[in-house]
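Before I ask anything, here is the structure I am working with.
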Amino acid sequence: MNDRLIISGIEFNSRLWVGTGKYRDFEETRKAIEASGTDVVTVAVRRVNILNRESENLLDYINPKKYKILPNTAGCYTVDDALRYARLAREAGISDMIKLEVIADEKTLFPDTEGLVKATKILVKEGFIVFPYTNDDPIVAKKLEDAGAAAVMPLGAPIGSGLGIRNPYNIKIILETVKIPVIVDAGVGTASDATIAMELGCDAVLINTGIAGARDPVAMAEAMKHAVIAGRLAFKAGRIPKKLYATASSPIEGMI
Amino acid sequence: MKLRVNGNIIETGANTVLELLEELNIKPERVAVEVNMKVLKKTEYRDFTLSEGDSIEIVNFVGGGYNE
Amino acid sequence: MNDRLIISGIEFNSRLWVGTGKYRDFEETRKAIEASGTDVVTVAVRRVNILNRESENLLDYINPKKYKILPNTAGCYTVDDALRYARLAREAGISDMIKLEVIADEKTLFPDTEGLVKATKILVKEGFIVFPYTNDDPIVAKKLEDAGAAAVMPLGAPIGSGLGIRNPYNIKIILETVKIPVIVDAGVGTASDATIAMELGCDAVLINTGIAGARDPVAMAEAMKHAVIAGRLAFKAGRIPKKLYATASSPIEGMI
Amino acid sequence: MNDRLIISGIEFNSRLWVGTGKYRDFEETRKAIEASGTDVVTVAVRRVNILNRESENLLDYINPKKYKILPNTAGCYTVDDALRYARLAREAGISDMIKLEVIADEKTLFPDTEGLVKATKILVKEGFIVFPYTNDDPIVAKKLEDAGAAAVMPLGAPIGSGLGIRNPYNIKIILETVKIPVIVDAGVGTASDATIAMELGCDAVLINTGIAGARDPVAMAEAMKHAVIAGRLAFKAGRIPKKLYATASSPIEGMI
Amino acid sequence: MNDRLIISGIEFNSRLWVGTGKYRDFEETRKAIEASGTDVVTVAVRRVNILNRESENLLDYINPKKYKILPNTAGCYTVDDALRYARLAREAGISDMIKLEVIADEKTLFPDTEGLVKATKILVKEGFIVFPYTNDDPIVAKKLEDAGAAAVMPLGAPIGSGLGIRNPYNIKIILETVKIPVIVDAGVGTASDATIAMELGCDAVLINTGIAGARDPVAMAEAMKHAVIAGRLAFKAGRIPKKLYATASSPIEGMI
Amino acid sequence: MKLRVNGNIIETGANTVLELLEELNIKPERVAVEVNMKVLKKTEYRDFTLSEGDSIEIVNFVGGGYNE
Amino acid sequence: MKLRVNGNIIETGANTVLELLEELNIKPERVAVEVNMKVLKKTEYRDFTLSEGDSIEIVNFVGGGYNE
Amino acid sequence: MKLRVNGNIIETGANTVLELLEELNIKPERVAVEVNMKVLKKTEYRDFTLSEGDSIEIVNFVGGGYNE
């Protein structure tokens, strides 16, 4: 079965996308990304250290010919900052793709959805392919679609929380509401979280802390690879209905 | 000539952005440059001349997302 | 990493075991089993149809040289019946392995744990390698271990219910309580259920209805293959702690 | 223990607030409200039927001297409509309290949080005591507090869904984030949902469909009365920690 | 509505039953029991301290004329011990009621269900009214009913764990399976746990640690009183169906 | 004089809002009145004079919330 | 006469269970008594005579459940 | 000779289990045989002689688990 993910005409081999933060070193980053089987890697945009030019660069380890580099606007707390970083990212890179983050609060790292919609509109006009990191509100997802976002990236749970998909009901409603791809971003703490996201019908999952923060990031990266494949296949295979027991005549409602 | 580059005041003999990058031993392909809050296209590096006191940002990709 | 499952000296290549019931036909059975990547297949013991000898046999499709055949005592409601079927199974087959089922109730197919412990003791004395299908009571699991069971196979939820691991807490306590392998049997309805079972630390998962009853059994079989690998890897990789949000100082309790 | 709820200087005897929609008739409405023990009743603003003046009025059954009437802007899909209905409500009633609803989508009845914040700012300037119905995004809750809202009313789940508190984690974060009272609005389907909301530390719960849609609305109203009291008392009493078992040395994390 | 609980001809005013262990002192015990509104109190049987006769007695605080005293066989790890304590309890008290506990493991305090059924049969023959503390296995519940138990008392979760009703599905099946009353015993950690137990259709709830271990046991006792009333009323009132959102045509299955 | 009241064209002899309410047999205390999109204070009912073609909304409280 | 009562060896002048309880200042109503593993009925206390070395258990109700 | 085989009364000329299996065209390797409730070892098939009225069960593996 050919089940490629295509967004704005770009074809993706993997439905697992990975971040590059929080790893011990570049070598561990490289190994984990390789084990994950991904072809999409998110990166941040930061000042070059002009005083010490020895320091290696991430791209010495992550070959841009092999991986699609998806720059993000991490750490931006205003629309203007997000726009500035997005434009720099485009010049530093080779593509129009931007993972748009407009963070509202440094404690929870929840997005400022109002600013997010504003920034999306502007960047879309400038020709960017925008992947906005948003909350799980279906209304905001719809506004982002209307603003021209290439996909929506709702959080499953707060960044780095490892709580998984806290509200699968909202994710399900988002999937009913928008036509653009839905990529769960943030919250995935272990393999089953990723599987559940895909079983809901999401198009992909982006994971950073869940892999980089594991005791063995490379093994967890491989776990996530299988988890996403498993969830996608299960979604398409069509699961059996839930019943109180097999001979029960009717499927059960969500009893608890 | 004195410039503010990435927050540091430096003394340079470079007249253009490209010369500055060479002086700083930075490969142009992998960075983006902003002069006085204006993001430059790579094609502008060669001809964009710098002036005393210009504020320049040179950024590249690093590992990270969110706020790390 | 060599992470083979070894039970009573027998080495298993796969931590996913599959049943052979409820498939449309032998060909679908064969394809699903192949897609699952398993090397352990459970079968039932039934009368040969002596009136019509044309009918094909399951083993024409499932090569016993390629797969470990694990006969079960399905449909046995008394200790004596279970013993009788176990002994017949050993003669019909080539191994001493028996998946022991002493069913108490045909509505829920829950086991009669008291009879199960009795039958286990007897069969172990007769040299059987006993895999008892039990409930999720850690006390019963301990009794089965003391009775000489090769592994315990607690149900995640009622057979065919597709409810997944209803009580992960009990499974966790079973894992703390017994030294023999723990194989979740029954209840797995979709890939994430299998992943969760493995993340808890279970040694393997046995699935029948969850695969055979899916809209596309072959695709679901492949999903389950990846799901079990994902869960096992995640368990060994060591997941990140759950927090209300990343910057929260302490991990959270099971809030709801 | 004196544990009165006071908002903007107004003292409330009950932490259960009830709606008046979906009842069979006014008499059932009256009985249910009485059984609920509430002193806050939400009402909608609609055209008087000038062609048929016979029809009775809700206030013939709900005595405004006995109950605080909290008008809402139900059915308003724009900021302007919400402002218009709020202003009409104030003239029709006797207080400055308004339950502000800016609905974004008639399928899910989710709020348009951007419009909600706008409308809140304007109405607060006009001297209204604003109770905005919002989503469970802590960032939006903070914006509403900054806009001068008297309290925030996050949804537990979609209106009329009966799904309870789908994301207690977000509600918990809202409680950490804002200083104004938090009143769960929408989603409560049965008594335990209300109890859970109060155990999280919410200040009150508003229920309409959960009571009016029950087979026996009057009995469910009484159930909700006890449920809210139970949850409030439990919250203040300080529950025991969750452990895998009593003798376990440490409280457990949210295992599943 | 007259909704009295009657077991073996004995009428109970309260559906909340409470234990007497783990309180700071007799006075706190008395206050908590009073606040709970219960009329059934469980007690243990222990040696009189013959060396120091000064020490007060529990019954100086819990008036047997006001409360039904339900002795238990706590701490009994064998059938013989349980029988011995049950017989002593009957002589020490005034009734034939016994809360039968045959504990299998001191770490988890799970029951030995095999021994429990044996002891139940014997005590029933001796004229006892037996309330067995059991696991949540519907098969065992049926065996206890067949053995003549007056009610079954399945655990919601391990004693003192505060995990609530870990497997509501099993409790629901038990309610479908037996005709005798079902009283949840053990596991209730906070008010909503008790409400949920009653909403499932259980006849009563027994709580000890959940009240005695709370920061404020008297307040928690009152919370539990309301929680049980709320759950019972909600069960009888008939809750609204769960839907993904109000306008969804069909109720949802247990999505997660 | 013709007025649009709650969407209905009616013929009335009332000159003020108060007269209109009386004519329609509506108690002023329990309603709110909007004339040509402007919400009136109760104190204005007596003196607010109506003109041919005015669009008037008279609302009161009903059971309901959300969109029922 | 020496008896084992609740695990303690005691010297007593009591000849019956009732006398023993009185000597120990224990109200009979609230306790149960076991002599040599046999549980007595309250009605037996008066007449049940004790012998040298009898093992006696006297129990009553205390707060508790499970294993506390 | 009449035998009860898998619940059916059949007339057979077979004297041993092995002959019976051959007559029924059943491969011995894949089945198990029970005669009058006694399970036979495969090695016994050749020599185990049958008698009038013996009750015989011949089973093999089929797809299934639980009660399907």
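When the chains are written out, they are named A, B, C, D, E, F, G and H in that same order, and each has its own residue count from 1.
Methods note: contacts are C-beta pairs under 8 Å (C-beta built on N, C-alpha and C of every residue); 3 or more make two chains touch, one makes a residue touch a chain.
Source: prediction; values computed, not measured.
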Chains touching both subunit A and subunit H: C
Graph distance between subunit B and subunit F, where chains that touch are linked: 3
Distance-maximising chain from subunit H - centres being C-alpha averages: F
More contacts between chains, A-D or E-G: E-G
Remotest chain, subunit C as reference, centres from CA atoms: F
Whole-Å separation of chain centres (CA-atom averages), subunit D against subunit E: 35
Cα-centroid distance, subunit F relative to subunit G, in whole angstrom: 90
Separation of subunit A from subunit B, taking each centre as the mean of its C-alpha atoms, in whole Å: 31
Euclidean distance of C-alpha centroids - subunit G vs subunit H, Å: 68
Residues within subunit H bordering two or more other chains: none
Touching two or more other chains - residues of subunit D: 106, 108-109, 158-161, 163, 169, 173, 196, 241-242, 244-245, 254
Touching pairs among all chains present in the structure: A-B, A-C, A-D, A-E, C-D, C-E, C-H, D-E, D-F, E-G
Contacting residues of subunit C [partner subunit D, same complex]: 165, 168-169, 172-173, 196, 241-242, 244-245, 251-256
Residues on subunit D engaged by subunit A in the complex (per definition of touch): 104-105, 108, 110-114, 117, 135, 137-140, 142, 157-158, 161, 163, 166-167, 169-170, 173, 177, 254
Complex interface listing, subunit H residues touching subunit C: 5-8, 10, 24-26, 30-34, 37, 39-42, 57-68
Touch list for subunit E against partner subunit D, complex: 1, 106-109, 158-163, 189-192, 194-196, 199, 209-210, 213-217, 219-220, 222-227, 229-234, 236-248
Touching residues on subunit E, where the partner in the complex is subunit G: 19-23, 26, 29, 42-51, 53, 57-59, 69, 71-72, 74-75, 84, 87-93, 99, 101, 103, 106, 109, 159-160, 186, 208
